[in-house]
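Look at the two complexes coming up: subunit A is in both, with subunit B in one and subunit C in the other.
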Partner chain A sequence: MADTISFLKPREAVLSRRAAIIADLTELLPPECLVHEARELVPFETDAFVSYRRLPMAVALPKTTAQVAAVMKYCNRYGIPVVPRGAGTSLSGGAIPQEDAVVLGLSKMSRILEVDYANRTATVQAGVTNLNISEAVGIDGFFYAPDPSSQLACTIGGNIGMNSGGAHCLKYGVTTNNLLGVKMVLVDGTVIELGGKHLDAAGYDLLGLVCGSEGQLGIVTEAVVRLIAKPEGARPVLFGFDTSEHAGACVADIIGSGIIPVAIEFMDKPAIEICEAFAHAGYPLDVEALLIVEVEGSEAEMDAMLKAIVEIAGRHGVKTVRESQSATEAALIWKGRKSAFGATGRIADYICMDGTVPLGKLSYVLNKTSEIIDRFGLRVANVFHAGDGNMHPLILFNANDPEDAARAEEAGNEILKLCVDAGGCLTGEHGVGIEKRDLMRHQYSEADLNQQMAVRYAFDEDWILNPSKVFPLDGRPTA
Partner chain B sequence: MTLIPNSEVDAAYIIRNAANDGKKVALCGGSTRAGFGNTAEPAEMVSSTGLSGIVDYEPAEMVMTVRAGTPVAEIEATLAANRQMMAFEPMDHRGVMGTLGEPTIGGVFAANVSGPRRFVSGAARDSLLGIRFINGRGEAIRAGGRVMKNVTGLDLVKLLAGSHGTLGFLTEVTFRVLPVPQTVETIVISGLDDAAAAKAMAAAMALPVEVSGSAHLPQTVRFRFLGGGLPAGEATVLRLEGLAASVAVRAEKLAAVMQAFGPVSRLGQEESQTLWRQVRDVYPYSDGTLKPVWRVSVAPSAGHQLVAALRLEAGVDAFYDWQGGLVWMRMEADPEADLLRRYIRALGGGHATLLRASDAVRAQTQAFEPQPDAVAALSARVKQKLDPAGIFSPGKMG
Partner chain C sequence: MQTNFTLAQLADPHVAESEQILRRCVHCGFCTATCPTYVTLGNELDSPRGRIYLIKDMLENGRPADEEVVTHIDRCLSCLACVTTCPSGVDYMHLVDHARIHIENTYRRPLIDRLIRSLLAAVLPYPARFRIALGLARLGRPFAPLLNRVPALKPLGAMLDLAPKSTARVSDSANPGIRAPEIEKRGRVAILSGCAQPVLDPDINDATLRLLARFGVEVVVPEGEGCCGALVHHMGREEQALDFARRNVDVWTREIDNGGLDAIIITASGCGTTIKDYGHMLRLDPAYADKAARVSNLAKDITEYLSTLDLPRLEPKRLNVAYHSACSMQHGQKITMAPKNLLKAAGFTVRDPGEGHLCCGSAGTYNILQPDISAQLKARKVRNIEATKADVIATGNIGCITQIASGTAIPILHTVELLDWAYGGPKPEKIPGR
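Coming up: the complex of A and B.
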């Protein structure tokens, strides 16, 4: 287990009252909604950022907003830290608990409450999985746009916490652009509603502030999300290039040309090799970089857009062009890309980084990334959403070798700093969590961070909501 | 008196001094939206018009950074030269508000001003990627960035957007732009009453044809659009944009479905552009009067029900944008704020903003929708964290 990233020191006053707290929680929740036996707590000790783990004091799995409010009110009264949890798929440690914390898991609140096609909205409980929404409305010709790679498992509550994205966000935006309203429990147990089926806020855009706040401002229990009519069709084209510079320039040119594809995905040579060995998608192995560009619309529209896109690729010395002629071919092109994480996991341990850079800096950042990785004696595979500059270097290492793990972490930090220095951000769609917490000063000045933390205080004066996350542990203002 | 700082440092100095002296200031840009919000006590104005100019524009990256006082016209001209635009179609309020002067980009984002495309492409706040602003302590703060996925930490960008100059003084904004569609066409369905129009618009939005504008113009306002050139009867208008070949195909498909609702006609590029600009700028109520004008946001299916309920009890004229979810209302006499807000709550919620009214009416009417106590208290705490001395137009937003 790695130990570079520290957690807040557990509150002694909370730890010493453990038995009493669990007894009190038993009063507030039905038996099946409370977990507190040590061995049953183990599944909750970490999330998808598995190098760090802390056993929580208890896990509450409420079934109603009223139960969430009761637990929240109780924990606030006694200063007990609360760590919200959806499906635990955070790659940045957003859902990792701490020894003095109650985990508030929303997994039992997994119902779709209403689908309203006239207003193109779905009202869902926070524990509904992302994919469930699209599956429920797909038959009627609608979908929910943000599509994180973990969409089979991840919950809408977690998506709101992390402002999650996905491959198709280039056209449709990330969670914040597709979220219309929330029901939310404040730290003192008050239940509020922000937004609804109407657009834009009446007063300050608290909904916009809550989205991406990583569980620090309250517990979202329900959400109203925007549905979109499914396009008639979607078709990808695959391009292979001799250099990542050519691929990067091609991306910038497609975006600049006025065509908005629904996705532009990038893979470098190591990623191509890993995915091809696993998925046999027929990817070219004699190229350095591969792009998958997908367009949507009617046949006529797709023909016109793909023609223009292939022409642009031609101007950038494209070596391989594979246009899909059928649904099977289209699925095959995507199969490799979609299996990237699983395929990588089969050959090595990896950490999936997440940073964003301006499009013009893509190939510069890729080259610098290679230099950093070489310097640390590691390997990297790059597979990411190029259309919006969202990089995902997968740093390969051996988790059984603590030194190797530490090197991977350090290299990752350098890559994220590189993203910021290139004019980008520490995060794309995974959030800050604990992973990038101590890098926040690289992106923001002291005044910038203090202002964000001051706003956080307006919601949570005692800092009990997911307290070890997002902001560096030292230098937090006291009120 | 108006203070016009020429640099971020000057702006910070002015605001820091005001905070130290406990002196209230009213933040402004070109003041074309000066009537927004509750009537506040007179205060010294601090204008962003001295902070003007494009800082960075990379057409290939579709991102622009400008100083907050830059005129919208200058930005639109620069974007147009590169065949790009602000996708959220910011409304020009001069007509309806009866104001003069130059709208600034800072004002657009401070008021989160969006147009007809908002219901599919997002509001101003969705295009805003990064900001620099001076908080109420006189500190220069940066939030967000210049990349599409820009939220690291708390999203102060969204919070400042639409805060009407009550949380901070915007000095610089970075926003996303999009290519201008190659062509635009409008499908007109004639003779539908408000309820039938709501059904037709919902049906259109369920089709995979990417409608990018959806408005209903009842008889009373229809004559004001295109110089009276719309076909007879109420006009339900649906906009399609994109590559010419694609728009042609989608228009055929949409027209075929809409024929079931009423007679269908089509408007070409030039007429479409004029029509949607007039919808955007609330042209029918740009009438030189001070009759109260409301901007109401509700669920699309609730818009016409709201107007029908009000008609029984008040003198009201209305037309609809955003598939019926944005209702523009002009009241004949009394603003009827309580009645209007009661019906909005009864119909599932939303909000009404008093855009225009005489000073006497404004003095007695909450301009923004009053919020539930818990949300109002939270908003007040948030304001206190950005403006601890309470110097930025206290009371303007509630």
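Coming up: the complex of A and C.
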């Protein structure tokens, strides 16, 4: 197991009371809602950032907001750390627990409570999956826009925690732009509601603060999200290039000319091969880089936008342009793209970076990334949201070789610093978690970071909510 | 993901295989979303990723199975929806097979559980015993509510509830022999008579034999065929399963060597998944590995085989058919379009129920051994099917037929029964009026 990133030292006072704590939790929750047998805790020791693992003390799987509040109130009283968990699909280790923590899993709260087309909103429990919302309203011509690649499995609660994005966020914005309200349990068990069905709320925009707070300000149990009417039509088009530089420059030119397609996704040759092997989507295998550009609207609108994009691509030496010929083919193109990370498992273990860079720097950062990867003697596959500069180099390595794993981690850190130095940031949509925590000082000044921690402190003085995440372990304000 | 096995552990070919499977998993969690038990229970321990992790922990530590692990592996339907979903190509089927064998070899189940499993393993694979058992079950049915009140005895209650209310007639379709084609011979196949299916619903193979004969296919019902072994295989009773497999491999090999076979036709997709895996199951048996692989290659679901016959397109009928794809069909054998295309070509209007990837809860003996989860899945399946407002339901697996029939008034038939009817066979009794 990798060990460069450390966790907070477990609280002795909590560990020593383990039996009593389990007994108390048994009083608070029905039997099927509490996991505490040693064997059964093991599957909760990690999420999709699987290089790091810590066994939790117990896992609570409440069915109601009242149960969440009861557990939270109890843990707060005894200073027991709480690590929230949705579907455990975090790529930054956001849901990895620690030895003195109770995992608060929202997976049993997965109902859609209300769909309100007149106000274009859905009210859902936090454990509902992202895709379930779109599926529930799809038949009536609506969808929920942010679409993380893990949307099949990831939960809306986790999306809120990480302010998740996705391919279609280029046009529709990320989670925070599509979230209208939440019901949230505070650290002391108080239940509050923020926002509602309207676009703005009176007073402070606390909702904006909560979205992306990685489970450190409270536990979101319900959310009101914006529904969007499906476009008349949508068409993904494949653009193949001879070099990544040309593809990168083409992206900057498309956006720079004022065209905002719904999505512009980038794949380099290794990524194309991986995705094709899984999805058989018909990606061109004879190009070095591929852009999936999706346009939407009426036939005339799509044609017009596409014409302008093809013209720009022509200036960047595009080699092949292929429109999807059917709905099935379009679905396969997206299935391949969205399965890219998992499909990489067919050839190697990987860690996925999430740096975001200014579009003008895409080609530069791609080149530098290759240099770094070569220097470490590793392999990389690039597949990312090019339209908003959100890069995802997948660093390939062998998890059964500790030296290889350490090299991959080190190379990843260099790549993320490269993104920051190029004028970008550490994370576009996956959150800081533990993965990027110790790089936060590379991104922020001491004053910047202190101000963020002051907010966190205001919600949770004792730092029991997801405590090992987001902020470097040293220099935290304490009570 | 990282694995931690010693070289000594990896010397065991089963462990070595599981290690390779585990290495592919990147713990992305996609599989949780399409797992019927996770969707129902909302606990990762009852999801593929959770089970993979439990199995990994158990095997790495070389531990005997224990109550916790067994609980969650037992709840797995082996529907293999996770295998369809997994982008990394994790071979969950063979991993959970290994886990079930490990459980059977290292864990002593509570007495009642042992008795019920032994009873199932001793009765279901044998048509004569099964027929008698069904007769007894009808007598015992009044006691079902009583049994259902005692958690440990619920499986017995479920068994009684599932038994059909009337005895099916005895058909000669399972009698060994050669069925000559009605027109010029264009192919020769063997057919699996199966174990539970001919007792529960002999109409299925009757229809198959009629349809194949009409289209010029000679069908052999080989002497000595038996249960495919799937039922005991899924209970982890590997030796018994392999014995069934070897026996069928011998029988079919004899037919291949004598008259030649274009295919071995299977009309229950649950059996199909297992027979197509014979090559893998017997890979370590030098005397059988090659023969078993040959049998697996010839094994075809009836709809796969019919698709190669170019059946004529027929005029549309006014009958809406909800097609329920059995898990063993869509996930186990990856057959998704063939049955629907055949039905459409035969003039039926085909409707796809929502959440088609989710299991109906039948899953071999699952509806007996896990009656609570099974009942929830059945209700969900029936809700989705009834929402299509179909006139009849078509599917390709006897388990699903029994399960779904016990939850809805819409008639449910095997796909091949509808096809036989469309192509000149008698109207199935289950189709009302008209």
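Simple rule for what comes next: the second predicted complex is superposed on the first by the 464 of 479 C-alpha atoms of A that agree within 3 Å, B and C clash if a C-alpha of one lies under 4 Å from a C-alpha of the other, contacts with A are read in each partner's own complex, and residues count from 1 in each chain.
Assume a residue touches a chain if its C-beta (ideal position, glycine included) is under 8 Å from a C-beta of that chain, and two chains touch if they have at least 3 such contacts.
All values reported here derive from a predicted model rather than from experimental measurement.
Q: Does the subunit A-based superposition show subunit B and subunit C clashing or fitting?
A: On the superposed model, which is not a single observed complex, subunit B and subunit C fit side by side.
Q: Which holds for A:89: it touches subunit B only (first), subunit C only (second), both, or neither?
A: Second partner only, subunit C.
Q: Quick one: name whichever of subunit B and subunit C touches more residues of subunit A.
A: Counting contacted residues of subunit A, the larger count belongs to B.
Q: If we overlay the two complexes on their shared chain A, which of subunit B and subunit C does A:447 touch? Say first, second, both or neither.
A: First partner only.
Q: Tell me the contact category for A:232 with respect to subunit B and subunit C: first, second, both or neither.
A: A:232 sits against subunit B, while subunit C stays out of touch.
Q: Quick one: is A:40 in contact with subunit B, with subunit C, with both, or with neither? Answer first, second, both or neither.
A: The second partner, subunit C, only.
Q: A:219 contacts which: subunit B (first), subunit C (second), both, neither?
A: Touch status of A:219: no partner.
Q: Nearest 10 degrees is fine: what angle do the Cα centroids of subunit B and subunit C make about that of subunit A?
A: Approximately 130 degrees at the subunit A centre.
Q: Contact-wise, after the overlay, does A:345 reach subunit B, subunit C, both or neither (first, second, both, neither)?
A: second
Q: May I ask you to decide whether A:356 touches subunit B, subunit C, both, or neither, giving the answer as first, second, both or neither?
A: first
Q: Which value in Å is the smallest Cα separation between subunit B and subunit C when the structures are fitted on chain A?
A: Superposition on chain A places subunit B and subunit C at a least C-alpha distance of 22 Å.
Q: Using the touch definition up top, name the residues of subunit A that touch subunit B in the complex.
A: 116-121, 141-142, 163, 165, 169-170, 173-174, 176-177, 186, 190, 192-194, 196-209, 211-213, 216, 229-232, 252-253, 255-260, 297-298, 300-301, 304-305, 356-360, 388-390, 423-429, 432, 436, 440, 443-445, 447-449, 451-452, 454-459, 470-471
Q: Using the touch rule from the top, collect the residues of subunit A that touch subunit C in their complex.
A: 1, 32, 35, 37, 39-40, 42-44, 46-48, 50-51, 61, 87-89, 105, 107-110, 127, 129, 131, 150, 152-154, 278, 339-346, 349-350, 399-400, 405
Q: Could you list, by residue number, the parts of subunit C that touch subunit A in their complex?
A: Those in contact with subunit A are residues 1-3, 23-34, 38, 41-45, 49-50, 53-54, 57, 66, 68-69, 72, 85-90.
Q: Which residues of subunit B touch subunit A once you look at their complex with the stated criterion?
A: 58-63, 83, 112, 114, 118-119, 122-123, 125-126, 135, 139-143, 145-159, 161-163, 167, 178-180, 182, 198, 202, 205-208, 210, 242-243, 245-246, 249-250, 253, 297-302, 322, 325-326, 348-351, 353, 368-369, 371-372, 374-376, 378-379, 381-386, 397-398
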